[in-house]
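Okay, so chain A shows up in both of these, paired with chain B first and chain C after.
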Partner chain A sequence: MRRLSASTKVAGLALAAPALLMLLAFYLVPVGRVLALSFTDPRPGLDNYALLFTSSAIQAVLLATVRICLITTAIAVPLGYAMAYVIVTGSQRMRTFLLFGVLLPLWVSALARSFVWVTLLQRRGLINQWLQGAGLIDEPLPLIWNQFGVVVGMVHYMIPYAALPLIAVMSGIDLKLVEAARGMGASKGRAFRAVFLPLSMPGIAASALLVLILTFGFYTTPAILGGGRVMMIAQYITTQILVLPRWGVGAMLAVLLVAVTVALLGLLARFFDPAHMRPERP
Partner chain B sequence: MTDAPALSVRGLTKRYRAVAAVADFNIDIAAGEFVTLLGPSGSGKSTVLSMIAGFTRPDSGSIRLRGTDITGWSPERRAFGMVYQGYALFPHMSVGENVAFGLRMRGRPKADIAARVASLLGRVRLTGLEDRLPRQLSGGQQQRVALARAIAFEPNLLLLDEPLSALDRQLRADVQRELRELNRDLGLTFIFVTHDQDEALSLSDRVAVMNEGRLIQIGTPDALYERPASRFIAGFLGQSNFIEAMVEERRGAEIAVRCGPWRLIAPATSSAAAGSAVTLVLRPERIEPGRSGAGWNSVTGIVVARSYLGASIGLDVQVEGIGPVLVTVPAWSGGPGGVPMPGEPIALGWPHHAASVLTEAEPA
Partner chain C sequence: MNGALLHPSRGVRALAAAAALFLLAPLLVVVPISLTDQTYLSLPQEGVSLAHYQALWTDPEWLSAFGQSAWIACVATLLATSAGTFCALGCWRLGGRLSAGIRALMVLPAVIPPVVYALGIYRLWIDLKLLDTYTGVIIAHGLMGMPYVLITVSAALSGFDRRLEEAAAGLGAGPVRRLRFIVLPIIAPGIVSGALLAFMTSWDELIVVLFIASRRIVTLPRQIWDGINDDLDPSIAAVAVLLIALSAALLLADQMLRRRAA
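Let's turn to the complex of A and B:
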């Protein structure tokens, strides 16, 4: 690559300056303020952080958050994997059609999608009506305002995010390798397990991390489908700051959220490093 | 010798939408034979190989292995050894695991597999490298791993899909020799796909030339080179001069043809009657500058260009009534003044039987 001359560098910096200044003023400064608040409000010290070990309410929220995130990831990643597999191995037309199908939901707001699930899952929603109409159940099933409803909504929201990194990694796998395995006597299933699955592992890791990161800070879907009975960390922070208001506790949890996200992002970056991700091709 | 051929292919056809990738392909391959499918890209040779391996389902036709119809068999049931262009080594497995794969799939005992892998790696001169990953090997070494892997489970047939195209010239020659040795030592039947005519001629017992999904001609390398059945073969295998001429008379085993101011003698073919148009196919290396006399055709022309090719010198000669004629002469005879320079006149001669004759009714 050509080395940039000093004057080009200055010019480049000047061009980037407005964006950089905006980032500094409206992003880094507030984040710094939140970090500061977590150590100063209401009194200077580590009191807010001590709550992590003493407050059973906060511990319950964290536990629920982690549990829901893990369940969502455990369901969304296999579903995304199946989708990505069909997209990568299917015909060109199938590929275009399904890829569009994966991307389309990304343009629909989480709010709209959550309310759609409400109409489907509520006591007198479509699903319960059908099941009762078919005589399969007497009483409506509790499909919403609980962890089940939250997980359904979150899995649905996360499938495209789970599928995209998998599609990226799987596209780099030479399908001739699977063919070669079959030519040597491996059945379809064995060829998949022995060759395709191990080579797609970086995609699985990246997909799982991405879904974990996104679900960890999820607000809208659990707020609507949980009906106030399932409390995740983002919603709890909102309550602390807007309702109570206990700025210090909210800020402390926000810092925790950011720290966990950054740590997971660091791991994710490892898996998206081209050197880790690409299977070797001669 | 067995009664049924090792592999017998009848009427194999594959269409993609309206386009026939392969049309009515027939071949019989004897056990231990080294057969090459040769053709330009898009000629259908890889599709034929893929159908033989079982990865592509033919629209019609049959494939028989020693008399057994295997057309409907899955690739894993056929289990032919296969070497791919780019090798398709498993990047996440070591060299040893790659070679052991086919044996493992067959459930061979661990100790047997270890012994077999060690002996195979010895055979391809890779002993001591079994724990390396494929990407830690050179191209030539990867090639040899791919070979060892393909023959590890003693397949009925070894299919090779342009396996040498990624190697440089020197390595290519080495691997070609190794392939011949493997073919001879193991008595294994080879089906080799390539677009490289030199490779096809030097390696094969028989070459099947394909174009546009069809088998154009099959025969031993020298039969194809000496007696091309069509203009396509003559142009595709080596270089050829095509001389358009009119038959003047037929005299026993020879015909006399007229081409501009020249009367030339060529071997007769059954369909070359007096008055019909024919094409003489003449290899550049069969023409000798300055030769004439009994049994020789001779013409004169002007040298247009010359190119030094190392072992030989190529001359472009413009001959009145014929057009440009390519001549190659051994370079060592071309000392100072030996080979004419551009602009100089030159006399060209070739034996009556050096040319082969194509009649215009030829296919393709």
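Let's turn to the complex of A and C:
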């Protein structure tokens, strides 16, 4: 193999070249060009970035985005943890059912899943009908086109992503360590808190970061279940470009999205080697 | 391994099961809704009806959306799978820091939020006059699918014993023969797995299509999007059921591939 190494290198580069050239021409250059507009459109300078401090509309969008990210993460990660824990330590039957629960939604499009929530949550939707039929409420509850609807849809979308890194990390934990703690007289709860939980911490960090990254730039679900009243950053960017168009503002927010995503990914890489995670769904 | 000492308590099991139900039950609820005999989203009142499935079958807009999406997704998958597989093979040969750098660049389309890509490609296609064309959408979707192929094929290659190829080389097999008869058969499950992900990426893609397609190209996600924003007709529920069934089928196919690869 050693004697092949020079020609191997050329062959390797030649094989990678088509993909790299396509990436350069149809991804890196066009995206870079647009991000640069944040400094040049409508005129050179940092005016677009100043809007972060002066525009109350943009601040409201960012606040809503951060709030929904945090709420979604706070709900999806514990639920993902419970699912992963039972998948790793529970009975075979439970394991099959829960794995199906994690994997199937990953393969169903965000659009179809958001639509399903519309049928359930809308004014004349199934949940309001059931509640009214049961005599629990007189008027339909406002379950959709507000923050509640967006959070329900986002949590539904994100639980599988929260569970995946937790399953990966928990499968790597040597369960004999927990058994040893039990054997030495620790209660079940104590063995969990003192042994299993600390060992699963990288999984918790990875899971929370993954959910934050994905939620921060998400378009479909907030756009459908927020109904224009709850606006997150991706939808706001879309409006800036397709409706107004204000390229400079849209590009500035895109830079912000990229910066936050890259920063969170950097953190994620510290806790978690992505090579351990099976790619499941975009 | 899972000794009784570690068995999760009833509370934890109940929470996990509740989460799984929360994930799965809504996907099942659309089935009865798609069979409603009413003209709005509701459960069947007098009896079940296949009218909304029939509407899909006869409505030229839905048929065209299915056809366009299938065509775009197939060609984009071909593009993503060939370029992504070659790239993974190239990285595998290169090894070391260079290949790590290439991989880090190549996964960008999968990790940067697609709305950012939508802005970039929209502006480029305005300049190149590729807005609202098959070529434009196929290239964009191909780019978005490539990272998944690279990841799955690289994973398949990481378990590959290089000595097999060296042995074949020692026996006089040239690079093409080695690729065809030694490498490809072993990484085939990884390629197919990546192709499935690339297909689903294009098949479900909404935000980029909202930017770069308008009248001539109306993919299925775009058609559903318009339907949700317009009149919420129960035929969307029928489409959702078909999409969920397709996803379940692809999930099973993928699981079988992974089992074979393992």
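Going forward, the second predicted complex is superposed on the first by the 262 of 282 C-alpha atoms of A that agree within 3 Å, B and C clash if a C-alpha of one lies under 4 Å from a C-alpha of the other, contacts with A are read in each partner's own complex, and residues count from 1 in each chain.
By definition in this document, a contact is a pair of C-beta atoms (placed from the backbone, for glycine too) under 8 Å apart; a residue touches a chain by one contact, two chains touch by 3 or more.
A quick note: this is a predicted structure, and the numbers were derived from the prediction, not measured.
Look at A:Val230: by the touch rule set out above, it reaches neither chain B nor chain C. In the superposition on chain A, A:Pro198 makes contact with chain B only, not with chain C. Contact with both chain B and chain C is seen for A:Glu179 once the two complexes are overlaid on the shared chain.
Contacts of A:Arg190 after superposition on the shared chain: chain B is touched, whereas chain C is not. Set against each other, chain B and chain C differ in how many residues of chain A they touch, and the higher count belongs to C. In the superposition on chain A, no contact is made by A:Leu164 with either chain B or chain C.
Residue contacts after overlaying the shared chain place A:Leu120 against chain C, while chain B stays out of touching range.
With both structures placed on the common chain, the touch criterion links A:Val34 to chain C but leaves chain B unconnected.
Once the two complexes are overlaid on the shared chain, A:Phe100 sits against chain C while remaining clear of chain B. Judged by the document's definition of touching, chain A residues 179, 182-183, 279, 281-282 lie at the interface with chain B and also at the interface with chain C.
Considering their complex, residues 53-55, 74-76, 79-82, 84, 86-92, 101-102, 105-106, 133-135, 139, 142, 149, 153, 166 of chain B touch chain A. Chain A contributes residues 1, 4, 8-9, 11-20, 22-23, 26-35, 79-80, 82-83, 85-87, 89-91, 94, 97-98, 100-120, 122, 124-126, 129, 156, 159-160, 175, 178-179, 182-183, 188, 191, 213, 216-220, 224, 234, 237-238, 241-242, 250-251, 254, 257-258, 261, 265, 275, 278-279, 281-282 to its touches with chain C in the complex. Note for the complex: chain C touches chain A at residues 1-3, 5-9, 12-13, 15-17, 19-24, 26-27, 29-30, 33, 40-43, 82-84, 86-87, 89-94, 99, 102, 105-106, 108-124, 139-140, 142-144, 146, 148, 150-152, 155, 158, 162, 166, 169, 175, 197, 200-201, 203-204, 206-207, 210-211, 221, 224-225, 228, 232, 236-237, 239-240, 243-244, 247-248, 250-251, 254-255, 258. Interface of chain A with chain B (complex): residues 174, 176-177, 179-187, 190, 194-195, 198-199, 279-282.
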